[in-house]
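Chain IDs A, B, C and D follow the sequence of writing; residue 1 opens each chain.
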Amino acid sequence: MKTVLLAGFAPFNGESLNPAWEAVAMLQGYADATFRVESRQLPCAFGSARQILSDFVKELSPALVVVVGQAGGRPDITIERVAINVDDAPIKDNAGQQPIDQVIAEDGPAAYFATLPLKSIVCALRELGIPASVSQSAGTFVCNHVFYGLMHFLATQMPNSRIGAGFIHIPYLPAQAANRPGAPSMALDTVVMGLQCAIQVALSTSEDRKEAGGTTH
Amino acid sequence: MKTVLLAGFAPFNGESLNPAWEAVAMLQGYADATFRVESRQLPCAFGSARQILSDFVKELSPALVVVVGQAGGRPDITIERVAINVDDAPIKDNAGQQPIDQVIAEDGPAAYFATLPLKSIVCALRELGIPASVSQSAGTFVCNHVFYGLMHFLATQMPNSRIGAGFIHIPYLPAQAANRPGAPSMALDTVVMGLQCAIQVALSTSEDRKEAGGTTH
Amino acid sequence: MKTVLLAGFAPFNGESLNPAWEAVAMLQGYADATFRVESRQLPCAFGSARQILSDFVKELSPALVVVVGQAGGRPDITIERVAINVDDAPIKDNAGQQPIDQVIAEDGPAAYFATLPLKSIVCALRELGIPASVSQSAGTFVCNHVFYGLMHFLATQMPNSRIGAGFIHIPYLPAQAANRPGAPSMALDTVVMGLQCAIQVALSTSEDRKEAGGTTH
Amino acid sequence: MKTVLLAGFAPFNGESLNPAWEAVAMLQGYADATFRVESRQLPCAFGSARQILSDFVKELSPALVVVVGQAGGRPDITIERVAINVDDAPIKDNAGQQPIDQVIAEDGPAAYFATLPLKSIVCALRELGIPASVSQSAGTFVCNHVFYGLMHFLATQMPNSRIGAGFIHIPYLPAQAANRPGAPSMALDTVVMGLQCAIQVALSTSEDRKEAGGTTH
């Protein structure tokens, strides 16, 4: 039985909820004959979020780690391709921190690529009728920080493991967009179904599909 | 018992479905102690759609008429404020027609305003957690054509009636947006719940709320 | 010698400049053998702006009246198709007024169409390499108010005149967009050249081109 | 006298011009007492563009290398933060190649950061009234390929040099946007002025400003 660690962020920037955590919480215990999901919440704070996630990985020995965050303004579920070694916060995190152009890991590489089968997940989501795409940037806030931190932890502390790991951004919920005229949204059920699909594809895919998923700029 | 005529368009522009009709069809028979919905499909064709809608009004003697159309690319449910007396089609309709700058009714005014309580509907939708706004233009294609035609029919053929009438645009469904990277969408359940809310508010509101719902341009 | 009345708004909403007035002011005296432009500033205020524009029309007896306003967020020069008989202000005007769902002219029709050759202007601008399109809504703020007021004045006070009249919206200047990350802009030279082109086309076109310029919604 | 190598791409994707090359060509010989610009064109082709740029660096021994590319759809001048080690082409390049998820340099790191003072350039551009921002992704097409290739060449072939190097994306020209309704644009003069400013800031800044320039996602 494989364990899937599914982590979602707590609300931030004054919000009362975070759709990432709402969706992740609903998937606690989601399982089939081969895997079981353990859902965990992360604080929206530089440093501590990364540390806590590493502790969860050590505790749970998962076969797959997927972190989920809110990308307010995006219309679809986006599978992140790459995490970069820089914090550059446009707003304060929940601990009041706002690092600018700071390295995440002094000894780390400039970036890590997700080890999820990005294209296979996007194709499967679209076939299910769920809007999805590959994203070339997870930003420079806590989401990218945790994503980079996760990949760096796996690369340096568990170098021989073959744990699949990556980051998925989701849109606002409709109730959030109702207060932000012009913002796109996605129903919670759709997000949950999308995450279930992504987990199944990630666990069952040994080699990613060769489908274009890039951008000209 | 009041009858609500809810009309939705057939698929157009090569689509295999129209979310407007999907939602409208699900509401056939929706009722409470005071009203009952009759759902009808309209062809996406200049002229015939307008004529058929007028026939439905004559047949059903509704207290409220709401026409629903797809606004691909919009992120929220939009309550249309005004229909203008011009056809200017950017694409062909289902009958192969593409009128350019043609008057809809030679003897008609330049425009008609919806007689729905726009602001009350938008407020109620947002309170329900459904993204919604007032739209200042229903375009110049079959949606505007039918909306104008409806209001002109009511004004000229049933001038003493007090039938509430208007037009609501809805986003793509997720399954449509899955094939159009970057397009926002809304789940069918959310749209259906939104239309139920709009109908109830329209039937129960005698004077619209004074809430800003305009735009600077 | 025909007179062209070109009116542009004063800054509003706390801005230090309005690109509409910047462009209009540069065109004072613009002329050829057949016409001469008189540029005038309008206050951004419901009521007074409309009254002052009517006074300018009476004073100057123009053959063509074009009002120019800022449409922050639009990427191109937009030629407005229609003015509607409603004020619904999302922000306060310069006089502190914020009317909601108020009729502009109690005795007026629901809307007036511009009497400019919209399609010919858009085609000519694009041929010049200037982004342009027809707009189906001038909003519900002071721009629409003045546009409607102008058309109503001409229709009721000068019913036998054949004065061409309409409204053109322009984007932010680059210097404005520099403070609004994500906002498109247009250089002042491009706007001025576009207005010159629009004036020439409006004066020289007796029948508009039949080119699609509408929208599906 | 320092040499600045300014490289711009040839037209691609069936376009008859590339604003990047138009702007770069106008800056050939741009100079002051301390520097002089050498402008060079790059083909829009994976592999050869990267090789040719390396040859230009060897030939010219520049103190600063800035590559300029078109980012159709962006409204402002964007200073790229990072190049990633992957080609994933959504369209074919000018040589008919469309690599998918291919590594650029087998022996290279996952990414390189630009060595331009990103924040200082953005601030200086905005102070000049030119819309600008930091971009977190240069895409996965030839622009990113050349940007990555440049940084990898400098890191591996000239490891002790202190050559500043980076990539700047620019919007469509107005004449391009005139054929793409809804697309933002920027006048060539504005782009040229922006590149002059960026060059001067890059040459004169020893330590970048600490200004937030990141994104939440």
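Here are a few things to note about the model shown:
FYI, a residue touches a chain if its C-beta (ideal position, glycine included) is under 8 Å from a C-beta of that chain, and two chains touch if they have at least 3 such contacts.
Please read these numbers as outputs of a predicted model, since none were measured by experiment.
With chains reduced to the mean position of their C-alpha atoms, the one farthest from subunit D is B. Separating the CA-averaged centres of subunit B and subunit D is a span of 47 Å. Look at where the CA atoms of subunit A average out and do the same for subunit D: the two points lie 30 Å apart. Inter-chain centre distance (subunit C to subunit D, centres taken as mean C-alpha positions): 38 Å.
If touching chains are joined by edges, the resulting network of the protein chains shown is one closed cycle, each chain touching exactly two neighbours.
Residue ranges of subunit B in contact with subunit C, taken from their complex: 13, 69-74, 81-82, 84-91, 98, 100-101, 109-113, 119, 134, 136-141, 143, 169, 208, 210-217.
Interface residues of subunit A facing subunit B in the complex, by the touch rule stated above, are 75-76, 125-126, 128-133, 173-175, 177-179, 181-187, 189-190.
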